[in-house]
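Presented sequentially are two complexes of chain A, the first with chain B as partner and the second with chain C.
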Partner chain A sequence: MATDTKTAVEGFGQVSRTVGAVFRYVLLAATLVGIVALTVLLVFVANDAVRPLTADPGWHLTFFGTLVVPTLGLGGYLAVRDPESLWIGGMTVGLAVVSLLFAGGVAMIFVDIVTPVVWFAYVVALAAPSALVVGLHRSSVEPPYLLRLAVGVVAYYVSLLGLPGPVGGLAGVPQVVPSLANAVQSLPVLPVDWMLLLVSFSVLPAAVLAAYARSVAGGRAGLLVGVVALAVVALAALAGPAIGITTVPAVVLASVVVLPTAGYVGGVAATRPERRVGLLLPAVVVGGTLLGAVVVEAAGFAGPQSWVDWQFLTSAHSRNAVDAGLYPAIGGSILLMVTVALLSFPLGVGAAVYLEEYAPDNRLTRFIDVNISNLAGVPSVVYGLLGLGVFVRYLGSPSGTVLVGGATLALLILPIVIISSREAIRSVPDDMRQASYGMGATRWQTVKNVVLPRSFPGILTGTILALGRAIGETAPLIMIGAPDVLFSLPTELSSKVSAMPLQVFAWASLYAGPDFYEKAVPAGVVVLVTVLLAMNSIAIVLRNRYQSEQ
Partner chain B sequence: MATDDFTDDLTRNTANAPQELVTRAFFFVCAALSVVTTVSIIVLLVTEAAKFFSLTAPLFGVTGETASIVDFLTGTTWEINNGKFGVLALVSATLMITIGSAVIAIPLGVATAIYLSEYASQDARAVLKPALEILAGIPTVVYGFFALIYITPAIKTVLPETGTFNLAAASVVVGIMIIPMVASISEDAMSAVPDELRQAGYGMGATKFDVSTGIVVPAALSGIFSSFILALSRAIGETMAVTVAAGSQANFLNPLDPTAYLEGALPMTAAMIKLLLSDITGGGVAYRSLFAIGLTLFVITLAMNVISDIIARRYREEY
Partner chain C sequence: MTDHTDSDDDTRRPDGGTADPTADEMMIETDVTDGLSASDTHGAAETLVEARNVDVYYNDVQALRDITLEIPEKRVTAMIGPSGCGKSTFLRCINRMNDLIDAARVEGELLLRGKNVYDDDVDPVALRRRVGMVFQKPNPFPKSIYDNVAYGLDIQGKEGDYDQIVEESLKRAALWDEVKDQLHTSGLDLSGGQQQRLCIARAIAPDPEVLLMDEPASALDPVATSKIEDLIDDLAEEYTVVIVTHNMQQAARISDKTAVFLTGGELVEFGDTEQVFQNPDSDRVEDYITGKFG
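Here is the complex of A and B:
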């Protein structure tokens, strides 16, 4: 017996640490395999597309000296002394880069897809009935809801489509009253393009900035900031042509890049003065880039002969790989994304609100629930077949148009939007709903004033990720008959559409050959992946902020 | 009078106010749209596939070429021009892609899930989880290009007999693509294991290794298995990567033969894309075969989703 106890005591506490340590590192390695593999592949493709080694050594040295060393130096210093301000600096740089990408897309829309006049006309045509609806809602007479609803629907219809509009058109009645949108477009005298954009587009970022300034520093500051913001945009439009940017892109650049970035910087400077040092980082990055560019220009160092260049971004497909470009496909992707967002956002959020806030716990609800999770697992080709069979063959829409492509992709991402919106809505604390009901609010008032504002960031994150999925989809577009090469930008919902991944696929398989493999395809992949990474990072930053607020 | 108005306001039944009914109806229509989508998918696939088979085609008044349902389900040759519609040739390729990607994604995905749920610090998770999401966010056509241009040549340097289009490279990228799916669903299942179980394990003198492999994984097993099935159903439906990298010749291969993975074949999804890109006349037998494959694909993936759901529900350890 004694010996037994002794052996047991000897064995006790002797646990091998090797197994645990090995296991831990094997797990870590396994976690990194996928990420590292993808990173390596992305580096390969970026190298093939941008070809940094074709640049002069002097070019690399210059930028290393003016940009890389100061940035790393300052970054390292901040990381040690004040990580929070490093984060702020990094955010500013990231915001500027992402908004620059976004500005490119918006400028493309205003230059080649929707002229500023048309845009302005539709903004007016939407604003006028909206003002009427709000006016009725606030008026002291308080007309009954159904009357207001009817007036609103009629007002929007007349304003956008005229009388009797397409409904009358079906019955063969000629147009009597032109729509407000058309009437504005046919006005004899209209301000020039950039002024139209200033009042119909730039007011939005300016108003957001003004509201932000008002919340920080009071009404006066808000007004001042709003006026200054609009002045900056106007100044950009006037000064742009002097440095070779035409007025419309200059207005877009000022509204989409300068205003948000300046707003973020100003906000940091005003509300968190102790973190101001972080703002040095963007200054160093911008200054280093400019300085490097000047030095390179002066010394005559040649930059890399990248395939991703202005020519690639602004020209159409060509049988010759060197001349091939992505422009129509980029435009198509933008239009598709807008269509998909407009269709899937209201429908997806509506369904999520119904299931979370209204649905009784019965069989129908459970069926819808199971149905949505199964729809999320249906392969994208099957959605493509749905688009082909229902929209194109059955409803007779022309194949391969923006509308059909957008509708198909919207159906594809709808389950994802619904599922993520439901999660966001579910995370709104129930106390807040109860408080709202306790104040006598109706269900719709609670949804409108409590649930939706509170869950909005989460819904937005899910929608952006879902849009990222839609923008990368190729198979459904092939199924609905989108042309794989397109030489002009789609300008209407009924124009044929191509998209970035579709163009890349066409180059990679239909025009397969070393020429396209080495040039056009890597360049296309780099552009596509850049857009997706930008969208993903917006979603991730939004989610992090939102989670830390809760 | 004033009091009367006041009472009236307070006791008004707002649940049936027009505004409430209208908004409720709108939200219901949004939710019901998903049912409409499912019904349209099923009706469309079933009717079009029925027109394809000679058994059911007369019911729809379809004349012209049709295919026998037995030949479709048991035939091993897919040659549209010769009227041979044997879907097994396509299914074998899809099966091989699924097996190949499972070999990569299942061990890596589960290991990732254990690491994230049991070992990783808060900071490491904050970096690793978004990075994994990006794996799933890269467009599949890009993965296809990677397989064709970088992975196939890499395999070729080791095994020179590899074809330009081969199933191995396609399986590798599909596997990488579905790692996040295995990882995130398994991790959710592992995180749901109550901490008391872990503490009890430590209290018994177990190491972290013992707790992870002996307590957490078995407790989360149903979630882990359902993640496998969901991820594999995603691999089956994966389209562009296999279209670009796996090949365009239908080839009936033996999935259990490792050397067969070095050959090219035509998975179901790639066959559909190929059909679409060739000039098929609308309403012809080739056009309808598209829906027959689509129906096969839909039934397989739906069955897998349902099975995964049942496993997750039925075999869940309740705490």
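Here is the complex of A and C:
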């Protein structure tokens, strides 16, 4: 016995891994098929749309030298030495790019859809009753809740709709008191557009920056940052015309692009000085682009003859493929998106909170549960039929309007919003609820103070991804009678609307011809996909931050 | 069986075979000196919480059987027993946290200052505002330290100088010196022991009458545990503390009264801690305390 155990073991034999290895590589292949197919398609379409090969070789060489090489060099260096600062640099560039896209949309709204005067009037009309409600809430008298609620409802009604307003209109009573929104618009003397935007739009990012600076460096720094931010916006409005940007887009650019990016950069510099080196990356990207542009201009190298150009983004459809543009469709998609978000977010989150926090566990709840999952799988064309049947035929609203389209798309993504919001709410640890109830909180206080703040990033992520689905839908819009081609932007909720996928579909079907296939369709697809990817990247960044906080 | 391994070193204490020498020393010190003197100096106390024939069922399973006991004011009362014996269930009866579980049903009477908390006219939310609770796992909200402590004041709409109440509560929870410069950073950035003291500060900020603690130190290391124990000792000067613990040494160290629950949801023994540990009436309790089962 003893000698047996002392004999040296010569080997334990072999166990075959062949099946496992085959299985593993089959799985890898399955993973790659989809990604590779999609990448090839996107590269193919992008090549058709942007046509990089039509540029001078000198153009490519110049930008390769001034932009690509320095960026890759610095990126590689940072990736090895300090990956965290590479991440910060990448975030800055990404933030600037995404906010630039966003600024384009916002500028479009202020230039062509909601004029600054109307916007300002509605901001005032919303702010005044809000101030009243907050004042009542904070006052030492503190009237009973129902009274405050009634006062609030009346205040908002009068401020937005006037007296007796639409309710009186139904009964045939003439308008006695104009709404605050209308009163502001009819003021004889109003400041110019950019000043109105400065006080009603730019104050928001400036206030966010000021609050952030205050939390980092105290009250005085916060005030200073807020004032400087507003000064930057004002300066942009004054200096913009000199370089060919009119005042309103200049204010939007400064508020939506410059302030958030500068805030992020300043925040990194102030709170994480050891990562400052990452901020070189955006500097290299911007510097390289500018340097390349100057060199190309000086040397006379021609850029690519891209179909996606300023003209494509700013003009309407034309029978001539070269002149065709996407502008009304982009504006329509933006308006639809706003409508869908405003309708589906409160409904979806409300349903999710009810089902997760309030609903008793009974048959009705389980029935609703199962059917929400089923609704998420109903084909979009069926939702289009529903929209046509309910909104157009039954409620008699005109077909193909922003409101009908937005409501139909909102119904379409509502189940997805509900499901993803429920996931986010369910991921709030039960410990937190117990702690809140244990402190003597009511259910409402627990939901408001603990559950919603904690699950909000998750809810937002799910909603953005769902909106991404809505922006790409064509079938429901066709069903509700949205026009394929529109030559101007919709200006109100009851005007006809077109959308990017619908316009691309029209080019590919109604105007099918080699010109449109080669030019307008790929360019439209590239714009649509860019917007979608930007939205998804926002969702992904939010989700990553959310997960790292937990 | 897992219970047995969990409390292995505790239950072997009388044989001197404990695995943790520091805990053993602390035990001897507090048990012999503080423990005895505390119950001597306090004298007789009024009953604050009284249970009369309380039964609790989860669906058809009975979790507590006919519990009758009286918890004195401004004392530390410990509930010990093996896992699943119902000691946490009893604790959660006092502030009606069991109401949150659909399957739970409570019978019998549970009086707080002579009022049955299960009467129809008692609002469980109002009740919980008078009974603070600290949980097994530290569970601060993902808010700032200040907002965590002020949470109870805020939701209960209390008047007063919040800054001062927050400072006082943190001082009483022996956390002020460690966090006074970072009141506006997240409570989740603290260590586990600090988080639990933050939860205690949060629980005492609205000035409750009773403080319920459900194994408050079981997720903490020995150093953090001893800090929490010192803290409980101080809190007993102003609050009535009811603590559930798995750790019998801990119960012996910090409590004035001890209730022993055994499997099946029965209250087998209830009396002064000293007497329960040194001279229990029931053989089953003696077996449990000396580690013959559990």
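Quick note on the criterion: the second predicted complex is superposed on the first by the 533 of 550 C-alpha atoms of A that agree within 3 Å, B and C clash if a C-alpha of one lies under 4 Å from a C-alpha of the other, contacts with A are read in each partner's own complex, and residues count from 1 in each chain.
Throughout what follows, contacts are C-beta pairs under 8 Å (C-beta built on N, C-alpha and C of every residue); 3 or more make two chains touch, one makes a residue touch a chain.
Note that this is a predicted model, so its numbers are computed, not measured.
Aligning the shared chain A places chain B and chain C next to each other free of steric conflict. Legend: residue contacts after superposition of the two complexes on their common chain; A:454 is shown touching chain C, with no touch to chain B. Touch criterion met: A:508 reaches chain B, while chain C stays clear of it.
Contacts of A:390 after superposition on the shared chain: chain B is touched, whereas chain C is not.
Legend: residue contacts after superposition of the two complexes on their common chain; A:432 is shown touching chain C, with no touch to chain B.
Contacts of A:414 after superposition: chain B is touched, whereas chain C is not reached.
For chain A, the partner that touches more of its residues is B, with chain B and chain C as the two candidates. Of the two partner chains placed around the shared chain by superposition, chain B and chain C are both touched by A:442.
Once the two complexes are overlaid on the shared chain, A:361 sits against chain C while remaining clear of chain B. The least CA distance from chain B to chain C in the superposed model is 5 Å.
The contact surfaces that chain B and chain C form on chain A in the two complexes overlap at residues 440, 442. Every residue of chain B that touches chain A in the complex is listed here, in rising order: 10, 14-15, 17-20, 22-24, 26-35, 37-38, 40-41, 44-45, 48, 107-108, 111-112, 114-116, 119-120, 126, 128, 130-135, 137-142, 144-146, 148-150, 176, 179-180, 183, 205, 207-209, 212-213, 230, 233-234, 236-240, 243-244, 269, 272-273, 276-277, 282, 290-291, 294, 297-298, 301-302, 304-306, 309.
The part of chain A that touches chain C in the complex is made up of residues 215, 360-361, 429, 431-432, 434-442, 445, 449-450, 453-454, 549. The part of chain C that touches chain A in the complex is made up of residues 95, 97, 100, 102, 125-130, 132-133, 135, 137, 139-143, 151-152, 154-156, 184, 199, 202-203, 206.
The touching residues of chain A, counted against chain B in their complex, run 15, 19-20, 23-24, 26-28, 30-31, 33-35, 37-38, 41, 44-45, 144-146, 149, 346-351, 353-355, 357-359, 367-368, 370-375, 377-383, 385-386, 389-390, 393-394, 411, 414-415, 418, 440, 442-444, 447, 465, 468-469, 471-475, 478-479, 481, 501, 504-505, 508-510, 517, 521, 525, 528-529, 532-533, 536, 540, 544.
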